[in-house]
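One chain, chain A, appears in both complexes that follow, with chain B as partner in the first and chain C in the second.
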Partner chain A sequence: MFSYPTVRTSLIFLAIAVAGLLAADIAITASNPWRDLGNFFLGVVTPNFFSSEGLMTALLRTVAFAFVGVALGSVAGFMLSLVYRFLPVRIFCAFIRAIHELFWALIFLQFFGFHPLTGVLAIAIPYSGIFAKVYSEILEEADPEPGRLLPPGTGVIAAFLYTRIPDCWVQLRTYTAYRLECGLRSSAILGFVGLPTLGFYLESAFSQGLYSDAGAMLILFYVLIATMPLWVKPKLLPIYILGAPFFLGDGLPIVWGNVERFFTQDIIPSPIRQGEGLAGLTSWFGDLMVHQALPGIWNTVILTQIALVGTGILALLLFPLISNHFGGPIRRTSGHVFLVIARSTPEYILAYILLQLWGPSMLPAVVALALHNGGIIGHLIGRQTNNIKLRGDAVKGFSRYSWELVPRVYRSFLAFLFYRWEIIMRETAILGILGIYTLGFYVDSAIQNIQFDRAMMLILITALLNIGVDALGRYIRRKLALQTMPTC
Partner chain B sequence: MALNLIRKFTLSGLLGAMAFSASAETFVFTAIPDEDETKLVERFRGVADYLSEELNVDVRYIPVKSYAAAVSAFRNNQVQLAWFGGLSGVQARRLVPGSEAIAQGVEDEAFQTYFIANTSTGIEPAEDLSELQDGLKDKTFTFGSKGSTSGRLMPEFYIRETFGEQPEDFFSRVGFSGNHTRTLRLVEAGTYEVGALNFQVWQKEVEDGNVDTDAVQVIWETPPYPDYQWTIRGDVNDRFGEGFKDRVKEALLSLDDKALLESFPRSGFIPASNDDYEPIRKTAEEIGILD
Partner chain C sequence: MSGFDLPSLTASFSGERVVGPLSLTVKQGEQVALVGKSGAGKSTLIRLIHEQVNRNSSLVPQELGLVNALPVFHNVFMGQLDRHSVWYNTMSLIRPFTADKTAVRELLADLGMPEKLWIPTASLSGGQRQRVAVARAMYRNAGLLLADEPVSALDGPMAHLVMKRLKEYFTTSVIALHDVEMALTYCNRIVGIQDGQVALDDTSDRLTAADIMSLY
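For the complex of A and B:
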């Protein structure tokens, strides 16, 4: 068994995570974490839907920001996907998607302030980078045969529209719908930095221990996502997209001078601004690296590796919940509900909740990341096992799990896991805003100290780290010859 | 039923859209989010109503999620007035030339930070922070917000000065609770063993009976320093008419609504000036929060 490259790779990653655990700060520091967790669940089962006058507005805004952001992102992403074969475009896209929505929001907040544009761009920019990559992958997979059958002299655009697009239309649509769901999650968490979406009220309710209010908000959010197939219909989409911009709210007017100031002064490293020359810049950069960037990178990497392996273990444990090969319909339905909740809750919100309940350490972040990502991967491979036909006399129970199913889905499981590696790292960095010492913590500190030059440099470093992990993940997937579907 | 729901949605959306809009003539202010949001919204809506009546302009309060967001909104001229802490005020006035501290609470001339500890630690109150060296060493400790004067700047200053170490090195774990109320709750619950908070928040919570004094107690009080103040932008007269700044100042100084003052809690507002906050600026520079 150990001679298989997939097994060896898995064991290497497991070993790294175990070593990481020794170095990591894992603890429950709350003196009575289970009582708090109990109070929280009590809140969820006794939701108070009438707590805040702004709740319905917040929900509407959450949807509006998601629609406008994702629509803009998909259009821009589609344009970019057409020229994706050019290296500069690929680098540009990798860069904009390596920066998390919340970081984009924090940047735009500094000069657009509380204007709807801040939230819309925070979603649209990273999403267009993601769309460009995935759309181009889908278009590349399209069958070239219909194109060859066209009469000579057919225009490029006509050929593209009539041969390529029809072949991958379903995939494009499915993926865009999936991103819309992601967009709703992104939109919700933007509230945590002050935009008028759900996260705004969720944060207030939670930090004051109003668990029934928070429970109501979470339930509304799940219902919103679970009922998407009912209210997101192709025919209604144009109405939503045209209507959504009117429900973003007005916010506060943009003062354009602030934009210029941000780019020409704020983000210029302070030694350059103050004319301290190269020596000043070197010591500024050195200080930044030693006291902020390096500790941040170290913690981000450790937490990512632990969360990655946690995600893997949880996905393998959870997929039987929705697999036809085990249990009856009741268990499968409740399994479905559990997995939908796990993957619908943004990691950021899960981590926030657990941090409030267990106190600060890396543990809440690991559990949050593993639950969310494990829920997604568990769901995907659980569905895959439903296509596997076993012999009528195949073994049952644990033997069926360990000898029949896991070996059959293991390769695609690994593919999904490595695909999500970069996503997990992006989230890990951002969780620093909640007080875990990853890169996001130092970015947030710099912003709190109004040192945007430092903040931008740290965001840049975070982006480079993500791009590196993304490249490494792709290398490993290629090396192990793992196939992925882009819809993950 | 479905239609009804849609109608409700649309209506609340429209109402929300109106509530969130602000014309150029609206005088907008904000405040640092140093306490539970419900309290802040209640308090500052009262202030908005009061100012609106006194000044004869639309006045609106917008809540923000961080101290830096308050400073940025002020700097970006999206708000023209703000209730800042000592440090955030200094930051804001450095970034907006011409802006002025116009009023502070009576209590803000001699503000204090209280160090509080969970009673399970067995730490006894002391006159001098240095007496607590052994008791505090390697405990878990929480500040308030990263940008707070009473919740971060002053306690960090005294920790460094007294123990000669960075807080991260002196304590076994250092956190930022977010605001003073949360610091109190976290230390009371034992999530952190020790914390530092705004003395006014402590006193008010104790008076209101919201503190389990068997679980948490004050162990040290800092020397007094200047803190909260109302800061206004220098260009408000251009926008709202000659003498507007003086009228705002006058309105704040003559605020005598008991309930409103009680919600701050302050016994009244007195004049302030930028120079009052020099000690805060020096301290912030000393520990590297200000360049």
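For the complex of A and C:
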């Protein structure tokens, strides 16, 4: 079995994660974590939907920010996808999508303040980078033959509309709808940096120990996402998109002086601002690297590797829950519910909750990342096994799992896992804002200390790290000849 | 443009020559049947001619090249996208104009499928799909028809109907056919291809099925 490159790669990653575990800070530091966890679950089963009038507003704002952000992102991303073959466009898109929504929000907060534009752009910018990449991949998949058969002299636009778009329409629509769901999650967590969406109310409910209020918010959020097929209808979309901007709230007005100051002073490295010359800049950069960037990178990488392997193990354990090769309808239904909850809860919210309950360490982050991503991959793999037709006399139980199913889905499982590698790293970095010492922690502290020059440099380093991991992931997928598709 | 004179046609795939070097001259009014074993190079030759005449021909490739997600109407209408403005074409995608609908419907009626105008091509049978590709070529109405086994998925009477329509519509054509009787009935010149070379070239009235069978 060790002669399979896929198995060898898996074992190498497993070994790295185990080594990482030894170096990582994994602990439960809360004095009574299980009582807190119990209280929280008690809150979820006794939700209080009526305590705060802000709840419905928060829900509405969450939906509004998601719609405006994703709509803008998809239009801009579509435009970019048309010119995606040019290298500068690719680099630009890779760069803007390597920076997490929350980082974008933190940047815009510094000069737009709590204006709706902050939240809208925080979603729209990284999403347009993602849309550009995936749309261009989908468009490239279109059958080129009809285009070649058009009479010479057919305009570029007509050719595009008749031979490309119809062929990809279903995929474009499915992917955009999926992204809208992601947009709802992104919008919800923007509340954690102070925008008026769900995260804001969740955080305040938690800090006051109002677990029933927090439970109500989470339940409403799941209902919102689970019922999306019912309320997101093609015919209603124009109404939502035109109406959404009116429900973003007013926020605070933009002070344009702040915008100018941010770009002309705040983000300029302080040695340049104060004319300390090259020597000053070198020592500034050296200090930044040694005290912030390198520890941040180290922790981000360790946490990412542990979370990646955790995700993989969990996905392999979870997929039988929805596979129709095992058990009965009751188990599958509860399996579906569990996986929907796991993948609908943003990692950030999961990590936040676990951190409140278990105290600060890498453990809540690892569990949150593994649960969310494992839920997504488990769901995709489970669905894939439902298309497998086994011979009539195939073995049952664990042997069926290990001999018939896992070998068949292992390659696509790895493909999904390496596809999500970069996503996991992006999330790991951002979880630092919650107090885990990844790159986000150092970015957040720099902002708190009003050192925007350092914050920007750290965000830049984070983006480069993500781009690097993305490239490495693609290299491994190519090396192992793993097929990938833009599904998650 | 209708006839053509192509002095040196060659095609190679991964270093191996599949067609030519051969020269082929087709005069206006000639309806040429390309016959020969499968793999002899007929499809490649059709493609080659299509490129050499700068794609100024109505082409029916073997793979048909339909846009599966679009209805039959739009797949046929695509044959004339070059004759309208971007706005006209875009409007037609959303709401086709009556004149075009009538024209396309008549064309489909000629091919025995007038009722399928708004069915997505993906849900048609193989024979129906083939007729949509033929209709597109007819709607395109270039002076020259290049068709690669255009009736291979059609049953007897329907195959004859389609070949008859093609003969009426296009005075000049090059059609790859594996059915020898069909070639003798609907074409006035037979070109036999063997190992990428012209092995037979004569008018139909001077050939019998037996002469052609020697190629197989």
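Convention: the second predicted complex is superposed on the first by the 488 of 488 C-alpha atoms of A that agree within 3 Å, B and C clash if a C-alpha of one lies under 4 Å from a C-alpha of the other, contacts with A are read in each partner's own complex, and residues count from 1 in each chain.
Quick note on the criterion: a contact is a pair of C-beta atoms (placed from the backbone, for glycine too) under 8 Å apart; a residue touches a chain by one contact, two chains touch by 3 or more.
Here the structure is a predicted model, which means the values were calculated and not measured.
In the superposed pair of complexes, A:Asn258 makes contact with chain B only, with no contact to chain C.
Using the contact criterion defined above for the overlaid structures, shared-chain residue A:Val193 touches chain B, although it does not reach chain C.
Contacts of A:Ile157 after superposition on the shared chain: chain C is touched, whereas chain B is not.
Contact with chain B, but none with chain C, is seen for A:Ser207 once the two complexes are overlaid on the shared chain.
After overlaying the two complexes on the shared chain, residue contacts for A:Glu145 are found with chain C alone; chain B is out of touch. Legend: residue contacts after superposition of the two complexes on their common chain; A:Asn324 is shown touching neither chain B nor chain C. Contacts of A:Asp167 after superposition: chain C is touched, whereas chain B is not reached. Once both structures are placed on chain A, no chain A residue is touched by chain B and, in the other complex, by chain C.
Within the complex formed with chain A, the chain C residues making contact are 54-56, 59, 61, 63, 65-70, 74, 78-84, 86, 89-90, 93, 136, 140, 142. Chain A makes touch with chain C in their complex at residues 143, 145-146, 148-155, 157-159, 161-163, 166-167, 169-170. Looking at the complex, you find that chain B touches chain A at residues 8-9, 12-13, 15-17, 19-22, 24, 28, 36-38, 62, 64-69, 71-73, 75-79, 91, 95, 118, 120, 140, 145-147, 173, 175-176, 178-179, 181-182, 185-186, 189-192, 289-291. The part of chain A that touches chain B in the complex is made up of residues 25, 29-32, 36, 54, 56-57, 60-61, 109-111, 113-114, 192-194, 196, 200, 203-204, 207-209, 246-247, 249-253, 255, 258, 270, 359-360, 435, 444-445, 447-451.
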